[in-house]
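Please go over the structures that come below.
Consider the two complexes below, in which subunit A is the common component and subunit B and subunit C are the respective partners.
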Partner chain A sequence: MKMRILASALLGIAVLLVPLFSGPFLQYLVLNMLLLALLALSFNLLFGMTGLLSFGQGAFYAGGAYAAALLLRAGMPLLPSVLLGSLFAAALAALIGAFCVRHTRIYFSMLTLAFGMLVYAVVWKWTDVTGGDDGLIGIPRGAFFESAERYYLLAAALVLASVAVLHRLSNSPLGLALRAIRENSERAEFSGIAVRQTIFIAFVTAGFFAGLSGALLAPLEQTVSPSTAHWTKSAEPVMATLIGGPFAFAGPLLGAVVYLGLKEIIVRYTEYWLLVFGLVLLGMVLSFRGGLLGAALDHWARRQRA
Partner chain B sequence: MTALLEVRGLRKSFAEFAAISGVDLELPGGGVTAVIGPNGAGKTTFINLLTGKLSPDAGRIAFAGADVTHLSASARVRAGMARTFQVTNVFPLLSAEENVAVPVLARAKKSLEPRRRLDSMQDVHESVRKLLATVGLADRAAQAAAALSHGDRRLLEIALALASEPRLLLLDEPTAGMGAGERDRVLAQIRDLAARVTILLVEHDMEVVFGLAGRIVVLHQGKVLADGAPQAIRDDPRVREIYLGEAGVAPAALPAPAAGAPLLEVEHLEAGYGLAHVLHDVSFSVARGEILALLGRNGVGKTTTLRSLAGLTQPWRGSAIRLSGRPIAFEAPETIAALGVSYVPDDRRIFPDLTAAENLRVPVLALRRTRWAREKIGAIFPPLAALWNRKGRHLSGGEQKMLAIARALMTDPALLLLDEPSEGLGPLMVRILVAALAQIRSEGVTVLLADQNLQFARAVADRAVVMERGRLVHAAARAELLGDHSKLQRLLAV
Partner chain C sequence: MMLFQGLVGLSEAMYLWLVAAGLSLIFGVLRVLNFAHGSLYMLGAYFAWIAFRISGSFWIALLLGPLFVCAVGWAMEFGFLRRVYGAPEAFQLLLTFAFVLIFDDAVKLVFGPVYQSPPTPAALSGAVLIGRSVLPTYHLFILAVGALVGLGLFILLEKTSFGLIIRATAADREMARALGVRSSRVFTWVFVLGAWLAGLGGALSMPVRAISPGMGEFIIIEAFVVVVLGGLGSLRGAFLGAVLIGLLHAYGIVFMPVFELALGYLAMAAVLIVRPWGLFGARET
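After this line comes the complex of A and B, so read on.
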C-alpha cells in the first residue's frame, strides 16, 4: 500500500517534470496521452466500474472542448474557461443521462451512441456557433499560458488531480455501490441502493471528466474541429481501456499510453498504420483478456501463490 | 395496533393470465408465516409484488402503517422490507465482506459518498464483521462470493438481507437446491432470526414449512385458498385436493405395452447446477409405448431429470442414458432431438406472435415431413381445432399447454418428455389431457411425464416412480396406481 502511494507520487512528479528534459514534441505527445488517459478513465467509470458500455463519451469531450473554446474566444481567462467547459459537459451529461440510465446493456450503449451522433450533427450543422466543418480556430490561452511549458504544467496538474479524485471515488462507498450494480443490479436495488440515481451520478461524473479532457484539448491545439464529437473519438477511450484493462484502476492510463505510443511508432513505418494497429489490438485483446494490466496482475498473483 | 404488513385486493395479470387475482393478507408482526401452493399458484409473483420487483394492477400494500404500493424496490428495502431470492443472488466477484458492505452502506445512507475511503470506515467494517459472524461466515470474509459453496452463498444472501436491518424478511425458497447438511444449517439460522424479525417464507419443501412456520397461507390460482395454523392446513380437504389433484378423473383404458427392450434406460444419473447437487444416482427405464409418470413435489429434481434426458442440463460424469441402446448422456440437445426425443417445458414456450397453426408448422420447416397432420392433432386436442388462427399469446394457459404438446408431436418423437403437463389446469382440461395422452400412447409414442398431481398420474400412467430430494424413493406399478395408493399419497401430500 505504502509502496503504491510512493510509486504513484514519483510517477506524478516525473510527469510534471517532463518539460525539463524534453522538447516540445515529447511534451505534446505526453499531454495527449494524459488527455486520452483522463477520457478513458471517465469512460471506465461507467464501463469497468458500473458495467455500462458508453459509446458517447465523445459528445462530452466535444462539449467541454467547444464550451471552453467559446469562452476563451469571448475573452474569459483560461482556468475558469476550462472549468466552466467541464461543467457544461456535465450538464450535457445530465440531460442525456436522464434518458440513458433508464436502460442497460446494449440499449444503453445504443442510446449513448445515438446521442453522441446527435451532438455531432449539432456541432456539424450549427455553423454560427461551432464553425461547422471548419471548427473553431484561434483559441487564445492568454498571455501567461502562451508558453507551451506553462500550459503543459497546468494541464498535467489538472489531469493528475482528476486521476487522484477518480481513484478516491473508486475506493469510496460510491465506488462499491457502482461495482455492486455492475455485478448484480437487481441485488443492488434490493440492498437499498437507488440504482438509477446512482448510475446517473456516475454518468454525470464521467461526463464532467470527459469534458475536462476536451476543455484542456482546445487551448492545447488552439483549434477545435467537429471530429472531437465524431463516434470514432468515442471509440478511442474504449480501445485504450481494452488495451490497458478495465478492471484495474490504472488500466485505462496504461492503455492510453500504449495506444498513442504504438500509433506514434507505427505511423513512422507505414501509412497503413491502422491496419497494423488493428492487428496488434486484435492480438492483445485475444491473448490478454482483462488487458495488459489485468494480465500482469493475474500473473503476479499466480506467482505469489506458487 | 396496525399490522406490520397489510395487503388489500392485490391483483396482477400477465397478458390475459391472472397470476394474482385479489389477495388480502395481514401480518401482525413476529413469527414465521409460510406461503405455499402448487406450481403456478402465484407465490413468486406475490413476493415480487410485495417487494416492488413488479407493480400491481390493483390493490394496496401497506407496511408499518405506510402505503408502499408505489415505492421503488430500493425504497421499500430502506423502509424495512428485505428479501432473498429463489436463485442465489449475490455479487459474485465481490468478496463476502464487500457483499455485506453494500447494504450496510445503503442502510447508513452512505452509498453515494464519493470522498471517504471505504477502508477507513471502521463503523462499517464493524457491522460487516458482526453480520458475517451472525451467519457463520466470519472466516470467509475475504473470499469472492463466487468461490463460496452453495450453502454459504445462501447464508451470505441472508446476511445481505439482514444488513438492511429489516423488520420484515421475505425468504423465497431459502433451502432450494441444498443438501441435507446445508439445509439444516440454514434452517437453524432462520429459526434464530425468527426471534428478532418477522419472516414471510415461500417454500416448497414441506418439512421446512412445517418445521418453521406458525402460520401457513395457501395460494391457489392467484387467490388465498386457506390460511391458518399448520395442523389446520394439513387437515384441510381443499388443500389436499390441490396437492393431490382432482379426485374425479377417470383412468384411461391402457392396453398393455409391447414387451421387448426398453426405449429409454437411465443409470446412475447425477446432475446439478454449479455447486448444487440436484440428482443423486437416479436409475429407471421406460418401456417402448408406455407412459411413465415421474412424481414428486416441487423442487425435488423432476425438471432436472427431464432436462438431463433432453441434453439441456449436462449430466455429471458416470451417468448413463441410453435411447434404444444408444448412449446419449453427453450428446448435444439437437442430436438428442434428432434421435426422436421431444421435450415440452412446463412454461410451454410457444411462439406468442404466431397463430396456433403456424406454431405447429415451425418444427415441420426443418423436418420437411411428419406423420402428424393438423387434422389428427385437432382430433386429439378438440379445443385446438377451433383456434387455429388465434395467436399464441391469446390462448389460455391450458390451450397453450396443448399447443406445446401438439408442436412437440409434429417432430415425430419416439419419446415425449412432458414437464408438469397438468399444472394449473382445471378439471375439464385435465380430462381432455388424459384422453389426449391415451391417444398419443396408442399411436406408439412413449411418454415420460413429470408431475405432482397424483390423480392425473393415476389416470394416464402405466407406471410411476416417485422422487424425493433428487432420489427415486418408490416405484409403483399400474396395479398400485389404480388400487391402494395410500403410500403414493403420503409421499406427495403436504
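After this line comes the complex of A and C, so read on.
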C-alpha cells in the first residue's frame, strides 16, 4: 500500500516536471493525455464502478469548455472561469441526470446519447452565443498563464488533484455504494442505499470532472468547436477506459495514454482511425473485458499463486 | 397546408418507423439494444445505390440493397453478438457501438465522405396536387410501403407459427427453450429481420435524401427518441412514436422553426416524466 502511494507520488511529480525536459509538442501531448484521462475517469465513475454506460460525457465536456471560454472572453481571470465552467457542467449534468438516472441501464445509455446530441444540436444552432459551426476563437488565458509552461503546470496540477479526489471517492462510502448498485441494485436498495440519489450524485460528480477537463481544454487550444459535444468525443473516454481497463482505478489513466499515443501514430498512416479503434474495441469486448490493466493484474495474480 | 404538412410528416415518419421497428423487435427478443441500427440503415442506402448503379433499376436496387444488409446483420449476430450474450449488457452495447465506428468509417473509406447524388425512380417521379401544394408521388409511395410493412409485421407476428415462436421467446426465453424452441436460431432470424427493416428504410431513402456516411448517426438518435416515446420492445409504440415525431417535425418547422429540433426531445422528456416506460412499453423489470 505504502509502495503504491510512493509510486503515485513519484509519477505525479514526474508529470509536473515534464516541461523541464521536453519540447512544446510532448508537453501538449501529455496535457491532452491528462485531460482525456480525467474525462475517462469521470466516465468510469459511472461505467466501471456503477455499471452504467454513458455515451453523453461529451455534453458536459463541451459544457465546461464553452462556459469557461465565454467567461474568459468576458474578461474573467483563468481560475474562476475554469471553476465556474466546471460548475456549469455539473448543473447541466444535474438537469440531464434527473431524466437519465430514473432508468435501467439500457435506457440510461440511450438517453445519455440522445441528450448528448441535443446539447450538440444546441451548440450548433445557437450561433449568437456559441459561434455555431465556427465555435469560439481567441480565448485569452491572461498575461500570467500566457506561457505554455505555466499553463501546463496549472492544468496538470488541477488534473492530478482531481485524480486524487476521484481516487478518494472511489474508496469512500459513496464508491462502495456505487459498486453495490453495480453488482445488484435491488439488494443495494434493500440494504438501505438510496439507489437513485446515489447514482444521481455520481452522475453530477462525473459531469463536474468532465466539465473540468473541457474547461481546461478551452484555454489550452484557445478555441472551442462544436465537435467537443459530438458523440465521437463521447466515444473517446469509452475507448480509453475499455483499452486501459474499467475495473481498476488506474485503468482509464493508462487507457488515455495508450489511446492518444496510438492515435498519434495511426493518424500518420490513415485518417480512418475510428475504424481502427472500432476494431480494437471489438477485440477488447470479445476477449479482454478487463482491458490492459485487468489482463496484467490477472497475469500477476496467477504468477504469485504459482 | 395542414393536410400537406401532415402528409409530408407522415412520409418522413416512415423511414423512422422502419428503423425503430427493427430496433424494437431486436430488443424485444434478444434484449440487446443495437446501436449500429442506424449504420445498417446507412448501409441499406449505399448497397441500394451500388445495386442501382449496376442494374439501372430502382426496383432491383430496392430488393437487393436490404438483402445485402441482411447478410451484414447475419454476420454481426452469428459471428460476434452471440459471443457476448453472457456478458453484462453494457458490453453488448459496446460491441454494437464498435460496429458503428467500423461501418461509418468503412463507408467513408470506400465511397469517400462526399454526399452521393441519388437517382429518382421514373415511375414515381410525378407529383400530386394537395390544395395549392405539390406533393411528390414518391412520398405517397413511402407511406404505402410503411403501412404495408406494418401490416406484414402484424401478420407475421400474430398469425404465423414463426411469429408465435418469436413472441414466446420474447415473453420468456427460458420457457420457450424448455418447450423445444431453438432460441439461438430465433435470435439470428430476428436480428436478420431487424437488419432488413433498417436496410429497407435506407434503400427507400436513397432517391429523396442525400446519401452520406453521417446519415446513420442522425436516424439512430431519432429512433432512440421514438422507442423511448413508444416503449422499447413494442412495435405499436414504435409506429406511433415515429408518426408523432414525424408530425412534430413537419408542423414544428412551419409554426416554430427555431424549436423544431428540440420538439422531439421535449416530447421525450415529457413522456419520461409521466410514463417512464413509454406509451406502450412494459413496466421496467
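Odds and ends about this structure:
To be clear about the criterion, the second predicted complex is superposed on the first by the 287 of 306 C-alpha atoms of A that agree within 3 Å, B and C clash if a C-alpha of one lies under 4 Å from a C-alpha of the other, contacts with A are read in each partner's own complex, and residues count from 1 in each chain.
We adopt the following convention: contacts are C-beta pairs under 8 Å (C-beta built on N, C-alpha and C of every residue); 3 or more make two chains touch, one makes a residue touch a chain.
This structure is a prediction, so every number in the text was calculated from the model and none was measured.
More residues of subunit A are touched by C (comparison of subunit B with subunit C). Contacts of A:F277 after superposition: subunit C is touched, whereas subunit B is not reached.
In the superposed pair of complexes, A:A180 makes contact with subunit B only, with no contact to subunit C. By the touch criterion defined above, A:L53 reaches subunit C but does not reach subunit B. In the superposed model, A:F144 lies in contact with neither subunit B nor subunit C. Legend: residue contacts after superposition of the two complexes on their common chain; A:L242 is shown touching subunit C, with no touch to subunit B.
Of the two partner chains placed by the overlay, only subunit C lies in contact with A:V285; subunit B stays clear of it. Applying the stated contact rule after C-alpha superposition, one finds that A:H103 touches subunit C and leaves subunit B untouched.
Once chain A of one complex is fitted onto chain A of the other, the partner contacts of A:I201 are limited to subunit B, with no touch recorded for subunit C. In the overlay built on the shared chain, the residue A:W300 is in contact with neither subunit B nor subunit C.
Residues common to the contacts of subunit A with subunit B and with subunit C across the two structures: none. Residues of subunit A touching subunit B in their complex: 168-169, 171-177, 179-180, 183-184, 186-195, 197-198, 201, 205. Residues 47, 51-53, 55, 99, 102-107, 109-111, 113-115, 117-118, 121-122, 125, 231, 235, 238, 242, 272, 274-275, 277-279, 281-282, 285-286, 289 of subunit A touch subunit C in their complex.
By the touch rule above, subunit C contacts subunit A in their complex via residues 27, 33, 35, 80, 83-84, 87-91, 93-95, 97-102, 104-106, 108-109, 217, 221, 224-225, 227-228, 232, 261-262, 265, 268-269, 272-273, 276, 284. Listed in rising order, the residues of subunit B touching subunit A in the complex are 51, 53, 72-75, 77-78, 82-83, 85, 89-94, 98, 101-103, 105-107, 110-119, 121, 124, 160, 163-164.
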